[in-house]
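Two complexes are shown next, each including chain A; its partner changes from chain B in the first to chain C in the second.
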Partner chain A sequence: MSEENKNPVTEKIESTKGGHFYKEIMKDFRIKESLHGCLNCGTCVANCPAAAFYDYSPREVCQMIIEGDEETIEEYMKSKIWNCAQCYSCKYRCPKENSAADIVMAMREIAVREGLAAEALAGYTRIAKLVLTRGNQLAPDMLSPDAFPDWGPRMIELSSKKMEMREELFEGFPGMNVVDRAWAAEDYTIYEMQKIWEESGALEKVGTVFPFLVDIVQDDMEEKAEEMEAKIQEKKEKLEASKK
Partner chain B sequence: MSYEINDVKTGINHAKGMNYHVHDIRAEMKKLEEEGEIKIGHIIGQYKEEEVMYGIKKKVPLDMHYQHKSCGQCANLPGVPRSNFYYRDKLGIKYYNDMQQTSCTAWNYHASGLGNLVQLASVAARNWHRAYEEGYNFTIHCVTSFGNYLEMRHLLVSNKELRDSVKKVLAKLGRELVIPEEIVHDSEIAYALRDKILAAADPERIEGIKGLRAVEHYGCHFFKQVSDDIIGGKRPIVVGGLASHLGVQMEEYSKWFMCCGFGFRHILVNREFTRSAQNIKLKAIKQEVDPDMILVNCTGCGTTFDKTQWIQKAVGEDYHYPVVFYSQLAALALGAHPFKEAGLNFHVTPVEPLLDKMGIAYN
Partner chain C sequence: MKTVLVIGGGVTGLKAASELAEMGYNVSLVEKEDYLGGQVTKHKYYKLAPDLRLAGDVIYPVIKAVESNSNIKVLKHSQITAVSGAAPEFKAKIKNSKGESEETFGAIVVATGFDHFDPTVKQEYGYGRFKDVVTNAEVEEMLNPNGPTKGELKRPSDGKTPKKIAIFQCVGSRDRQVGNPYCCRVGCVVSTKQAIEIKEKYPDSEVYVYYMDMRMFGRGWEELYGKAMEDYEIIFTRGRGAEVTLKNQQLSLRAEETIMDRPIQHSVDMIILAAGMAAGEGTIDAAKVLGIKQNDYGFLAPKDDFLSPNESSKPGIFIAGADKGPMDIENCIVEGAAVAAKVAGSLKN
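Moving on to the complex of A and B:
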């Protein structure tokens, strides 16, 4: 870490506070960039859409870390962090350049790791599965009118005509007219994505919420491994050769 | 205790001035390149310089565009990527619609906390490397991806530990870390091309556009997540800048800054929040402007504005503002068929009244 990134405030808090969640949060290197002391001015709250509708406050997020207030931190870890819209309005407006948004993100990661996110992620299975098996996050098929009744009658019409409409729109653009994913990423590409999740430890984390998904991904990878690893080997050799 | 800590930091802040975070990412990248720590994917071909915060110049590539797509747009508002292709075809810009790219996965990350920074940065770097190995400039359709890639660039440049972890992952794929010289959103490109778009536009279409009244809304991840590398400085200008160049009359409204309510997870599982936030925005738009359309550059915001107007009837409101992306407007100006080539028929808030007003046939 460069001199620039040293933050005497967070270093000082770190050395004086306790609490399990607090210690986990402080391990995330983003915290150093996200806290520079807090004026308690409430500018962040005034700009926070989550604070407008929920019992939630970005000021409190910053204060509880500065204070090392484990009780409040726990309250946030268990549910309140999921109220944040991740809009970064707090970061943009804070005179101290604090970022409650980034602190919340670090906390969400920990909540998943520590098995506290099951309720928050109920209803999230389809997206997680799509990311890990198709390389995309969204598909036209997921936007069914029964899942989004509040999107109105035109949604029903659209949903029934989407195939013809997409065909017309994407004539001459291969890979774009698909409905089970956003675009037809190649198998090799999906394999690379899966490998990234595995190598980075992210797949293991997925297992804390969706254990069955890890099995699906690993089976999928195993099936393709021989062919795909041969391709990767070719790529590695090409890269080596280009360095010489 | 907090008082003491605040006191310490206040001292530092004053010593450095309130802008202590000013840094020139381009200079930092250059240094790392010279040290052999990273490679930079330099701009290929012609570019135009536009000013970002602190007067720093951002090079906007004008040709050889790798099209890093948006999963939300392709699935939900497919007229946007189609319009992005359309205006390039019309202007003779070479682009690459690659099927070996993945989603940036930032929507997933911000919504769920699934994944981690090494994963997120490796996914970014793999997509960057695709553009590099194919010989194209990396350009981005989605605002979520744009904000994420700005942040990943920043984290990769400022944190050696992350950099080393990502390099290790990439090596297992036979790839290397090549950070693009510029992280550019498609709306910045369309803005940089505004003269060319106007020059190539259909005069009849421009006549129809002239005098339309519009408000703009920018994605939060376009300018709040990393706020020092967008054209125009602290407040974005590219959507309104392009639109007014084409003849649209841009109007101000008091809630321009406010988040649209998308919230990444809220749009899926807490839509009462989304609808409530929308009501505040739409109310201000109606009372203060009552425009012909809402112009946007962000996948999530475009979805939210388009999909959340009808339901406001439940609270006695009647909103009917067509939601149009900057590139759909550009495509219309260049003569695109509003449905077959700009995909406006995929929007659920009716666009027909706007097209009628513009004198554009759609059937």
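Moving on to the complex of A and C:
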């Protein structure tokens, strides 16, 4: 009879502390500032808005790092850490001045880098696409009163007039007279932004989570490239001329 | 015969004064308030853990031993404003309503004690905002028949007896956020004692204690803890009280039930904060006037914690009791006697 069969309930602890992900996390400069042992008092969990609704516990995050089990860390990086809302309530209430929020932030960066985040972030594809192709993702159109009944009947009335209201509010700012996005950035601005992402390596990082988004952005850039590069050249020449 | 100056008329100072007087020394006992007995008298401590004997049965004999001894001069409403000289001849300025006078002393005993931690700092507990969030010192006053409510536990908001009572442990202790990472050393047993007193007086009430660890290291403390669970059905929940809000005139607390691994919300009628110990105002003043060393938290630092626990950083100035750090009454009395022996020894040389 094997050991497991004899005692099916007892969990066998085999420490695997010191694995690759654990080492990567401990390398982050934030960890030392964010973990000073843990009293297991539960103050963080009691104050945590994410813990009230999701399968997430800042206390567990601290305990997981203290224990350092590689398999558990990997599991957390794939799922649980993405439930944190980064409100930092844990940090400002913890009697040990720990910050699960900072640990989570460091772990998220590593999860992205190590290609563990794709599944957890799949739901954010739309947002990422909008940010990468438009520069912003929130729009007045998204805030439909049907989805937020607690806003009351006045919102229904206001919502039907949102275009008129924006036109009045932002007279003289044509980019603001839209309701399908927060504001309409100029093509040139978007191109410039995409160029920065590409050259800084940020786009490549996005690619580890949303590979197809890289193609979308690159297609988007290609379409505009000729016109925009000419514009950049023109600007450069103007700048040179002004220097002389 | 040299005269000894004892600063502070709490348990430790009283015990030190009477022990020294019994050995034949003259003692001047300086107390800033107009009563003796320190925090025990100030907050009308009612019963003492773990035996639930009356605090008066302990404190009155100690006061009487001082008041009935002709070798002791008790100076109430007095404060030391300046000290000069060195052992064995100190010159201390004593200020009171009659004016300022200077006297010479052979040795000085500092027994200036502690102050209850002020929980207003922990604003998430709502002390000062919500009337029915009270401190453990206020509960002592309430439970004492000579107190403001004549021994009845009453909600400050409406004067009614609360049915559901929660006690928060470690308020202002074991907490880096308020700069007090140390343990108050008495909160656990005091809360257990108060919970039993409440259940004894109001058997229908429900008492919940929110704790991190119950540190029952004193004489008879663990047994009292057992009694609280077995005989009084007090509910101990392992999770630190995290936040208090007021919903529809009802107090609501948040915590994590750490053993069951879930956040909880609990509606109660009254919340008692087991506020810990902070260095007393008198202790901080004494350190300044005498120029003796304090530790990181404002308490007085002994010359050597193990080998000379009652000597300050300056020769001829001795320290004892809760001005050195959190201490219970039982140990304060031991400290008072210990410092008296040390002073007597130093004056003989």
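The definition used in the following text is that the second predicted complex is superposed on the first by the 154 of 244 C-alpha atoms of A that agree within 3 Å, B and C clash if a C-alpha of one lies under 4 Å from a C-alpha of the other, contacts with A are read in each partner's own complex, and residues count from 1 in each chain.
Keep this in mind: a residue touches a chain if its C-beta (ideal position, glycine included) is under 8 Å from a C-beta of that chain, and two chains touch if they have at least 3 such contacts.
No experiment lies behind these values; they were computed from the predicted model shown.
Undergrad: Is A:Leu39 touching the first partner chain B, the second partner chain C, both, or neither of them?
TA: both
Undergrad: A:Asn47 contacts which: chain B (first), chain C (second), both, neither?
TA: both
Undergrad: After lining up the shared chain so the two structures overlap, which partner does A:Lys244 touch, if you call chain B first and chain C second: first, second, both or neither?
TA: The answer is neither, since A:Lys244 touches no partner chain.
Undergrad: A:Arg59 in the overlay: touching chain B, chain C, both, or neither? Say first, second, both or neither.
TA: Only chain C is touched by A:Arg59; chain B is not.
Undergrad: Contacts for A:Glu97 in the overlay, against chain B (first) and chain C (second): which applies, first, second, both or neither?
TA: A:Glu97 sits against chain B and chain C alike.
Undergrad: Which partner, once the models are overlaid, touches more of chain A's residues, chain C or chain B?
TA: When the residues of chain A touched by each partner are counted, B comes out ahead.
Undergrad: Let me test your reading of the model: by the given contact rule, A:Glu67 touches which partner, first (chain B), second (chain C), both or neither?
TA: A:Glu67 sits against chain B, while chain C stays out of touch.
Undergrad: Could you tell me which stretches of chain A are touched by chain B in one complex and by chain C in the other?
TA: The answer is residues 36, 39, 47, 52, 92, 95-97 of chain A.
Undergrad: Looking at the complex, which residues from chain A come into contact with chain C?
TA: Contacts found on chain A: 36, 39-48, 51-52, 57, 59, 92-97.
Undergrad: Would you mind writing out the residues of chain B in touch with chain A in their complex?
TA: 1-2, 5-10, 12-13, 18, 20-21, 23, 69-72, 74-76, 78-79, 81-82, 85, 97, 99-103, 105, 107-119, 122-123, 126, 147, 155, 158-162, 165, 168-169, 171-176, 220-221, 223-225, 227, 257-259, 261-266, 268-269, 271, 273, 275-277, 280, 307-308, 310-311, 339-341, 343, 345-346, 348-350
Undergrad: For chain A, which residues count as touching chain B in their complex?
TA: By the definition above, chain A touches chain B via 1-2, 4-5, 8-9, 12-13, 16, 29-30, 36-39, 47, 49-50, 52-54, 63, 66-67, 82, 85-89, 91-92, 95-97, 101, 105, 108-109, 111-112, 117, 120-124, 127-128, 131, 135-140, 142-143, 148, 150-155, 158, 165-166, 168-170, 173-176, 181-186, 188-190, 192-193, 195-197, 199-202, 205-206, 209, 232-239.
Undergrad: State the interface residues of chain C toward chain A in the complex, per the touch definition above.
TA: That would be residues 124, 170, 174-177, 212, 238-240, 242-243, 254-258, 261, 263-264 of chain C.
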